[in-house]
Each structure stands twice: as C-alpha cells, then as structure tokens.
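Dumping the structure here so I can ask a few things about it.
For reference, chains read A, B, C, D and E in written order, and residue numbers begin at 1 within each chain.
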C-alpha cells in the first residue's frame, strides 16, 4: 500500500496538544505488551492498561513496552500522565504523518520514524510509523499495526547471553532502530527484482503498461526517499546529542545504523537514476517502433504505387496507343513489374530499411 | 486565484518608509477587532480607531488586535505612532508582495508570511499576506481580507481552560502561525484530489486540456514553493533568536510549527516530481497514439495497394493478354485477393500491430 | 539590448591598474554633476573637472558626484589622485564587465553593480554598470549612460524634510542601491506581460517564432540571473561588514534592499521554470499537430484506398466476369461505396480521430 | 561484473556483531600471507592460522598481513581476539556491501573501500572490497579475491632502498590506498576507449544495441560514482583525524591520494555528462532517420499519385470522351507524365528533401 | 586540441615520488630561460642547466626561471635538489594531468593550473599545464610548450617604471596567474563567435552536422569547467593562506584574479545553458520539418486519392452503367475533378497547412 501524500486534516483548529488519532486506522484494538529484563531474567507478558507499568517505572530492570494500534487515545494519555511526557510529543505519537525526527527532553528522548517494508506479491511499500519514548530504564514503543517486525529482537532477548540482555535502554533503542533500518535492505532487494523484470519488458516488449509500471516505481521511490532521508538527519542529531541517556559505547552502534541508513538512501537514489534511464529507453523504443512502422509503409507504397501507375497507363482507352497492339508489350511490362520492385528492394536494403 | 508574479511597482521612486498600500484591494473598508484576555476573562469587540487601543498598551492582559483590510493607510500610521514601530516595518505591512520574514526589534518582533488556502471548486490557491507585530502584551495582526481563518482560535480563547488563555503574546503568536501553516495541509489534500483526477485523465484520455491542467498545477506548485520555502527560514530565525519576548517553553511549540512547515514543503516538492512524471506519461501517450494511427494507415495501405495493382494489371487493354481469356482467371484472382490480405494480416498480427 | 556575454579583451597583457575603458561606448562625452547638501540646503550644478571637487572633500556637507560616461579616462584618474583610490578600483570602474561586488578599503567603500531596466517596446533588458565610491562625506557615482534613472532621488533631495537630506553618505548609498534594485520590479512587470502574450501564442498558435521568443526570454533570464545573483552576495557582504562608514541604523535599510533583491531573484527563477514549462507545451503541441495531420491522412487514405480497389476489380477486362452482366451489380456496388466509408467513419469516430 | 545494487539480507535479525560472511563467495579458501620488514630485511611467507602472527604483534618490524577470501569466519574472529578489535568492525569486514569509510579507534584505524578495476574484454567494472586494520606496527588487509593487485607494492618492499621499507605502518597504508585509487585511472582509460567506440556508432549507425550500450555505461557510472564519492569523504576524514598512528609527514602523501580520487571522480562525472549527450544525439538521429523515411515516402507518393489519377481519367469508359479519339492525345499525356514529376522533383530539391 | 579525459596510467605501480614525465610530449627539448631583475636592472638570458641558478638562490634580486618542455626529467630533479623541493611536488610538476591546486610548504608555495587558450581556426581549446614554485626571491615556472604566452609580462619587466619591477616574487606570481586567467576571456570571445554561427545554423538550416557541432561545444564546455572550477578554489586557498611569502598588499591583486576567474566560470556556465537551449531548438526544428513533410504528403494524398477513386468508378466495365452514355457525364465529372481539390485546398488553408 503506497503512503498517500495526503495528510488528514481533521485536526485543524484544535488547540495544540489535543490528543486525537490522525491517520488510517490499521488496528481496531490497542494491544499492550511488556518485556521486562535484566541480565538475569526476561519476562514477557501482555497487560491491559498502562497502570500496570507503575512497578517498572523505577525498577532497575529494563522494560520494553510495545503498544500496537493507536486508536485508543486513552492509552497515550495515560502514558503521558505516568511518565510526564510533553503534550506535543503525545500529539506527535498519535499523528501518523510525522517526519522522522529526534527530540531530546530533560528526562526522555523522543524518536519517531517510518518502517518501510516491501509488500508481498507485486512490489509496493508498506509504511508503518514507529515512535519511541526512551527513558532511563523504560522504552515505550508505539506501532500502528500488529506484525512480527520485532520478533528477532524478542528472540535475542530470550537468549540470556546476548549483549542486548546486559545493556541499557539506549542499546535496546539502537536494536530497534537497527531492525527498522535494516528492513530497507529487504525493500531494496524486492525493488531490485522488480526493476530487472521491468527492464526486460522495456527492451523486449514495451507497452503502455510498462510505462505505468516505471512511473509507479518512480513514485514509490519519491515516497521512500521522502521518508528515509530525514532518518539520516535524525541519526546525525542523535550522534551529536550528548544526552546522559545514551552511553558512550552505544554511539559506535548508532554510527553503524547511520551508515546503514546511508546505504539504503544511496541505493534508492541509484534506482531513481536507473528508472529515469528506463524511461528514456522506453521513449526511444517507441520511436524506434514508429520508425519500423513507417518503413513498412514506405516500402509497400514505394514499390506498388509506380507499378499501379504503369498498369493505369495501359488501362487507358485512347484510340491511338500503338503499344497496345504490340505482341510482346504485355510480357515486356511484366519484366518492368519485376525489375522495378527488385531495384527498389536493393535500394531499401542498402538503406538498411529491410 | 493564483498569485501573480507581477509586483506592482507604483511605489518606485518614493522615499523608503512612505506609507502607500501596494497590492490588490480585497477589502474596501478596514475593520478593527480586539480580543483582550487573561486567564480570568476574554472580551471581544470591534473598535473604530487605533486610539481606542491606548488602554491596552500597558495593561497586564493580552490584547490581540485583528486589522482586516489594508486600504486605510491611516490605521497603519496610527499603529506606528502609538507603538513606536520602525517606518520600514509599516511599509512592509502595507506592501502585500513581501517574502515571509522574521525581524527582531528592540521592543517588538515583526513577522510577515503568506497564508495559502485552497479555493473551493477547481483547484487553485488563495494567497493572503498576514503580518504580525508582537509586543510584550499586544499582538497586532494585519490581514488583507475578511475571512473566518482564525475562528478556531477565537473559539479556543472563549474557553477559559485552554492553554492559550493562560499564556502570553508569544503563545498567541505561535497559535496564529500554527493555524496558518496548517492551512497548508488542507491545500495538500485539495491538491491530492486534483492530481488523482488528472492522473486518470492522462492514462485514459489525454487531451491538450490535460496538458494545460498539468502545467497549471506545476505553476501553482512553483508559486506555493516560492511562498512556503521562506517560512522554514523564518521559523528557523525565530528559533535561533533569543528575544526576551519569546518564553523558553514556547520554543518547543515553534519547533513543532517548523516541522509542520517542513512537511508541507516536502509534500509540495513530491507533487512537483509527480506532476513532472505525469507530463512524461502525457508525452509518451501522445507518441503511443501516433503509433496507433500510423499502424492503422500502414495496415490499410499495405493490404489494398498491392491488390489495386493486381486489379490494375487486368484492366490493361493489351491485345495479347492470354489470361483475359482464361475461364478460371477471374476466380483465381479472387483467391489472390483473399490470400494476400490474409497473409499480411497474419504478418501484422505477429508484429503485434493489430 | 541584451548584454553580450563576450568580454572585450583588448586590455589583456597590460599591467594591472592600467586605466583603459573596456566596454561599449554609450556616451561620447563624460558629464559631471554635483549635488551638495545638508539638512539646511541642497545645491545642484554641473562641473567641468574633478578639481572643482576639492572644496567638498573635507566639508561637512554631503556631496554626491554623478559621473556619466566612462570614455574620459582622465576623469577617473583625477578621482583616483584626489581621493587616493587604489588603482585596481579605478580599473574596475572603467571595465564595464564587472561582477557585482562590494569591497571595503580603509577610507572608502567600493560598490559595483548592474542596473537592469526593461527596454521600451519588445521585451529586452538594458544593462548599465554603476560604480559607487563611498567616502565619509562624498559619494562618487560612475554611470555608463545618460538617463533619468536617479531623478526620483534628486527630487527627494530637493525636499528639505526628507530623511535623505538629514542623513549621511551611507544613507545616500542605500537610496541609490534601493533605486537600482527596484528597477528589477519594473523588469519583472514587463517580463510578466511578455510571458502572458507568449503563453497565449503557445496554446493557440504555436509557430517556430514562438519557440524563438521562448528561447530569447530564457536567455535573457540567464543573463539577468547572472547579473542579479551576485547582488545578493554583495549586499550580504555589506551587512556583514562593520565599516565605520555605515551607521548602525542604516543596516536596517540595507537589509530591506537585500530582501528586495531576493524577491527579484526568486521571481526570475520562477519565470525560468515557467518558460521551461512553456517549451514543454510547445513541443507537445507540435506533436499534437503532427497527430492531427496523420489522422487526416489516415482517414482519407483508409476510406478511399479500399473503394479504389473495388472499382479497380470491375475495371478488369476478363472475358468471364459474370457480375459485369448483372443488372443490379452497378447499383449494388454503389451501396458498398456508401456503406464502407460509413462504417469506417463510425470506427474512426469511436477512436476519437474525428 | 557489475556490482549488484541488491544487498544480501540474510543477516537481518541477527544481533549486531554476529560474524557471518555477507556477499558473493569469490574464494572458497581463505589464504593468509605475511610480509614482515624493516629497513634491514623483508620476509614474505604464507601462514596457516592467525596464531602465527603472535610474534609480530609487539615486534618493532612492520608486518603486513594479507588475508584473501572472506569465507572462513574463524580467521576474522581470531584476528578480533588477538588484536582486540571491536565486534562491529569485524562484522563490517565480513559484509562486502560496505560504504567506503574511515573509523578511528583507540589502538587502531579501520579503513574499508572498494577497489574498482576494469574487466578485460568488453567494458565492465570489477568491484573488490578491501578492508584495512592499521595498528602501530601491523597492517591487516582483508581482500575478497585472489589477484595480483598488490604485486607492485610487494616488488617495492623487496627493494631495500625504497621509502616504503624505511617507513611505518601509516606509509604502508598510504601505499595500499594509492595503489587502489590509481586503479581508477585504468578504469577511466578503459572507459574512454569504450566511449569512443560508442560515439562513432551513434553518429554512423545508431541501433537499439547502441542505446543499450549507452544505458549500460551510464549505469556503470552510477555504480562507480556511488563507490568512489565516499572515498573522498573517507580521505578527508583521515586528513582531519589527528591519530597518533599517522605521522606528520604522511599527511602530505594522503593529500596526494585524495587529489587522485578527486580526479577520478571528476572524470567519471564528465563521462556521465558525455553519455547523456550521446543519448541526446541518439534520439535526434532516430528522428532524423524517421524524417528521411518520411521524405522518401512523400516523394514517391506525391509524384505517382497525380500521374495515376491522370491515367485513371483516360481509363474511363464514357461514350463521349473526345480526347480518346485525338491522334496526339496519348503522346501529349506522356509529356505530362514526364513534366509533372520533373517539376515536383525540382520542388523537392529546392526544399532539400533530395 | 581537446584535452583527452584519458589519463596516462603508465606510472601505476611506481613508488610515489618517482620522477617520470606523464602526458603528451609537446616539446622534445627542455629550454631554460632566466629573467633576473630588481628595480634597477632586468637581465634576460637562456641557461643550459639548473646549476647556473646557484648564484640567484640567495641574491636579493627577483629571479624568474621559465622552464619550457617537461621531457628532461633531470632538470626537474636538479631543481628539486637545489631548492629542496618535496618529491611529491616534483612528481606533480611532471604529470600533466593535475587538478589545479595550491599547496603551502615551509619555504615555498606550489601552484599548478591549466592555461586555456582558444586555438586558431575552428573553435577548440588548447590546454597547457603551468606549475609555479614560489620561493622568497625566485619563481620557477614549468610550462609544457614553447609559446609566447608570457611575452606581455617580459615586456612589462623591461620597463623600469612598472610596478612589477619594484615588487617581490609574490607580485610576479600574481602577474603570471592574471595572465593565465585572462586567457579565459579570449576563450569566451572565441566561443561567443562560434555560438553565434551555430545559432544561425540551428534556426536557418539545421543538419546533423549542426547537432555534432553543438555536442562538440558542450563537451568542450564540460572540459573547460572541469579545468577552471578548481582555479577558484585554488585562489580561495591562496587568499586564506597566511604565508609569509605573500605580502599584505598582494592579496588585493589576488582577489582581483579570483574575480576574473569567477567571471570566466560564470560565462562558461551561461554558454552551457545557451547550448542546451540550442539543442532544444534543434530537436524542435527537426519535429517542425517532419510536420512540414507530413503536411505535403497529406495534402497530395488527400486531394488525389478521392479523384482517382472517382475516375476508377467510370473505368468499370459493367454493362448497365447509364452514366457512361450520358452526353454531359464526362464534362460533369471534370467539374467534380476541379471542385473537390478546390474545397480541400480551402480546408487545408484554413488549417494553416499551406
């Protein structure tokens, strides 16, 4: 599903900080899931309300709260109250048309970005906005949809020996970002396959459908770039920030994610150039086909038009046309009927029209 | 109504600071409206002259003065005298061809920007220049037209519990800017609908009118970008300024408006790319249609020209043409008349011309 | 008259600082005109030689020296001697192919820029290089041509109440720059009118002349941008400079000129985009016209070629052609002659070729 | 072999630092080769395992370890353990889809870049990722493939008088980088030859194959630029770094490599412009050929169609056609049959169609 | 002679600092020429070997050494030894594929740039690399070719009153740079003349040769820009440098050269835009010509095809065709033969096809 550029504007005129969900409704129900872990243990369980998080607020364990679905505005409000989050942040979480950004507050970091996944089947991009509130020991993650995007991380958390289990909320944040950015590589892989198909179409059998396909891909690239480019700025802002919430050694990992995002962006740019090239080939091959059509017409017309004229001459009814009475006139004409096309065909052959 | 690029140049040669209204006259009468509020009360009333503002100048309440229509130069002059505004600022307020900008003076801030609203009916953009003079407790707002753009803010002010009522002139300024920038989202929505219509035209039934429509939209995008891009710079200048007139906590809100303006600008850029893509499809589909025309001509001509030649042969009046006297010559020719087109049709079918 | 990109290179090989006039000769005679003013009085008079300026050099009044025509190298030399100007500056004044620039010397400022005015009649741009030497109490202005460009300023100077009369040489400099930059708005107005005409030509009656017109305007825009863009940098350099020759309060005015130059540059950029759009429409409409021609040909040929073939059949002279002897054969053929075109016309109508 | 944009994504979901080889397998076996040298001696030998490097770790001689083939993850792991390398670095070494980069760690420098070599035969680019770990006295180099890329360096090392023998690990690093960047010049040479061939094709005999060739080269240029541009940034980062591992005098040499990389990048950019120009010529020459085809058709049709009509007139069977009985009618018609084409040919000649 | 993008790569694999001449051999013999001057005297003479320079090394006079031809590597080696020049600098002097650059060493400055001169005859650019080693009292200049490029400077040096004679090595350097950059203006003049010719061709008589000419000029512009743009950076680096070898007052002169280089670069950019415009006109005029051809064909075919059909009808041999026996049938048909074309011609006239 392509991300519409249209931005739902129902909220216009409301005071800032008014909590209303803006965006497509992907999940009717909001589901809350908690993973609480230290290097010793890792507990996973669903919860019913934000109130159940109270115990984790000041515990020394790391708590990862996954909130899927954004329709229940109350959940976001409760999060705001319990963790003392600025109303503008809560508003941004609920509005799923955010530009990726990183904001540093006194007690927490706010990160919002889009996860771009390839759809199964025909190539198209699935956009999901993911917001992160990073506190000292708690990471709150808001997702639009229910999917298994973070299963690999859950698996790592179950493994007591992983680095993730023994690190803080900043490293968990890094892992989440890494997981999201790396979806971009899957996207590039899917794109690559599609481009190869389109390319062989353009060369072998260009149709208007091929053109539409190229344009559709170009437009997807416009959207992907619009959503990926700010990720680079966002990560640069994180790397520049000197927040006490991010440990020294985590910066190396964030730099790594930043490199990955750069590679994804550069690949997208390359594919834009390649698609523009395909469009040029498409247009050239349309011209080439027109040329071919014109040549067929010209060859047919140029050969038969003079012959028809010749035949027309001897179809005239003049009284005094001596040729009409010659015995070999008719066969002689047949010689002309065969010689003229032969000469013309040689001429066209030389011009490489045949 | 599209904003003409033409700049009225009647004022050339006048000394700077000369107060003359430059721009289209939208309102014949200048109307003044005042909202005076504290967290306790909020009074709205019209006034006749700027002199009536004297009481609010040093009061501790926040006073929002809305001046609609710019034809009465005297009003602007009076504002200049009462609040000691620099003549260049007054001149800028009256000239409605300003670039959006932010200027910091000792006792006040000057902000000028364009509000871009979609017209009803066919897509076009309505431009209105709005200037703000932000003093300690007074915000003077100059509008070109009478409209209900700020009704949502008035509604918020009537509500005693809103954050707006309990904040200063800087927060009011923020609210005004937010209201203006958010009109951009409405514009994008309207644009999106129009582009979808144009797109289906380009694919299904491209006419010169479609081309004009694409060009008109592209030109609107040029104008919108020219008026929106400086808004980003303007807000960046506000965020950088360390004016005592803007409270610490208001910067967060201004950053939010800045994000919104960025989203609008990026959407506009995306639509420019999309419109360029549509133009390419248009041109390609014109070529495709020409191809189709050429194929029809070629098929018709290539089939009938040889047949006509054949018929022409046996229309000749030679004395010695043995075939003319054969009994089965005529039916045999009919076989040729049917076989030749059949072969050619198969050939054209194979070339995918049919 | 379009500004030739060609740069007269007669001076190559001369030592730097050699004073030779480089450029087109617009005025055979160099005319010197002096306005000397304080808030009390304003005297205007012509002078014959630079020597007559000696009295103004150290007087407390402000002296504006207008030098029209650059052919008399001696005048520039005398100015150099009297006011102790660097030889490179004198050289730059005489060479009318300068890039707009601002240079700060110990005792004076040097400003050179182009004044761009629309020619009367058909749209074209008139370029005039204007150099300013700004001293404490004297402003020396060098113009290529004799025209009434600065009449509005002279008028202001005659008015004892204007701000200009009571300000220093920096404000006079500002007024001159403002006057020059504002000519850009006149240019944009003239351009706008021309573009509207070209636009209606492109839509209604595109001819090769229209194409040439578009290209001519595009090229004018290239030149205008080349001469206007550095003005922005020049003004930025002035705003950054902390020269004691520019008073604190004058910076506000210079910032205003800078804003104006920005608006002119952005308008020029917009017109470049618009002209590129017109070129695309032109090319598309040429294709459309070709399509129309092809359709006419195809319709004519497709209708008559089969009919001619039919007529050809019954023009054959076979002995055994039973149809020839049928009574209703000829009328029946006429039915075919009418039915076939009718069917084809319906077919072409359905294809929207008619 | 062109570098696929596709990035193998098998590793997604693994924790960071997990050592898995990502990329095409070029060498089944990992080969280790050591050159140990001082100004006195230079020993070259193969080793079986990283353990054999222990003796060189703290020796005062310079040790260059060349590791060819990346499939044996154990080798990289052993390197990590012995030299205490950050797991992310080891991961980067194994993933052959890296962006060129330079990273500074406490005890070592990490450099990764692509070596771009022209393939033999038809023009295409061979990409090999080369990673360098630069320690005080040891340089570990990881290569994807077995080739003789560094033979010139080995030859220099055997020569006891070369500067290389008497310098440290930083100078060896410079030599390696210089060797890699200079491959770019070979690439440009190969490209230049290919472009000259394509160019003569475009002018003399443009076929769809020529178009494909242009597009293929353009795409190679996109890839080359994507891999070369970051090299400039990488070298700039090295020049900015104040690592104690790089001696003062080595910076001059690095600056020289940086200049070389810039020259390669600028050449690539120039070739992109040139290829775009060739594409324009290609499209123009297709149009020119179409024009030629159309002219032939038009000349043939315009000459014979009127003649055929004339002949048709006198093929009519009206009873009362006096011309049919005139003696000189037939010869007179032949005069027309010769005059009309002659006149038309002169006309077409004048129009430069022949 | 256009500067090939190809870079001779014979030197690959050699250690850095290895002195080998890389580039085309323009002069078989290396010629050395010395000008030694103070404000008192100026001596010019040829020398045979670098050893003869020993006396000038520490003299207080300024010595300008001109070395023409780079094939004698020994000369460059001797210069290196006598003046203690870094081997990389010597290598750069010998390699004539350098990017223009400025490098500051402890005791000398190294400057390398290209002199771009127009060839006589058809427009093409002559590239000559010129390297300068600027010491306290000596300027060593290395040129590829023997030409009279610096005659104007020699003439100035012979004049005892010129500023050049009384200034130091930095002013001589400036004079050399100024002389080189000003060749750019000659180039622009030659280019301007050529563009005017091409332009009139495009409008009046576009042929494929015109297209090639445009492409050739575009490619020259690509090369010129590639060689001129870095000159700007180079001069900026000189202006930033605070080398004791450059006197305070010389910076003003260098700034002047920098302005000139900027003007040349901007002119080149403008010509690139103009050439792109010409290409668009070329393509449009090809389309226009095709349109014209098509119209001629359509007019001929549309007029004669219906007439031929009419004639064909009455060439049929039906027994019962009453018209054949009417007395006025034949003249009536002639009326049709004249009326139908007349009507069609009026129709085509109205469509502006004639």
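The working rule: a residue touches a chain if its C-beta (ideal position, glycine included) is under 8 Å from a C-beta of that chain, and two chains touch if they have at least 3 such contacts.
Because the structure is a prediction, the values reported are computed rather than measured.
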Between chain B and chain C, centroid-to-centroid distance (C-alpha), Å: 26
Approximate Å spacing (C-alpha centroids) for the pair chain B, chain D: 42
Residue numbers of chain C (touch at least two other chains): 283, 287, 290, 294, 297, 301, 305, 308, 312, 315-317, 321
Topology of the chain contact graph, where touching chains are joined (line, ring, star, complete, other): ring
Cyclic ordering of chains (reference chain B, direction chain C): B, C, E, D, A
Contact set on chain A toward chain B in their complex: 4-9, 12-17, 86, 88, 92, 97-99, 101, 103, 208, 211-212, 215, 218-219, 222-223, 226, 279, 282-283, 286-287, 289-290, 293-294, 296-297, 300-301, 304-305, 307-308, 311-312, 314-317, 321, 323-325, 327, 329-330, 333, 337
Partner chain B, residues of chain C touching it in the complex: 151-152, 155-156, 162-164, 174-175, 178-179, 182-183, 185-186, 188-189, 192, 203, 252-253, 255-256, 259, 262-263, 266-267, 270-271, 273-274, 277, 280-281, 283-285, 287-288, 290-291, 294-295, 297-298, 301-302, 305-306, 308-309, 312-313, 315-321, 353
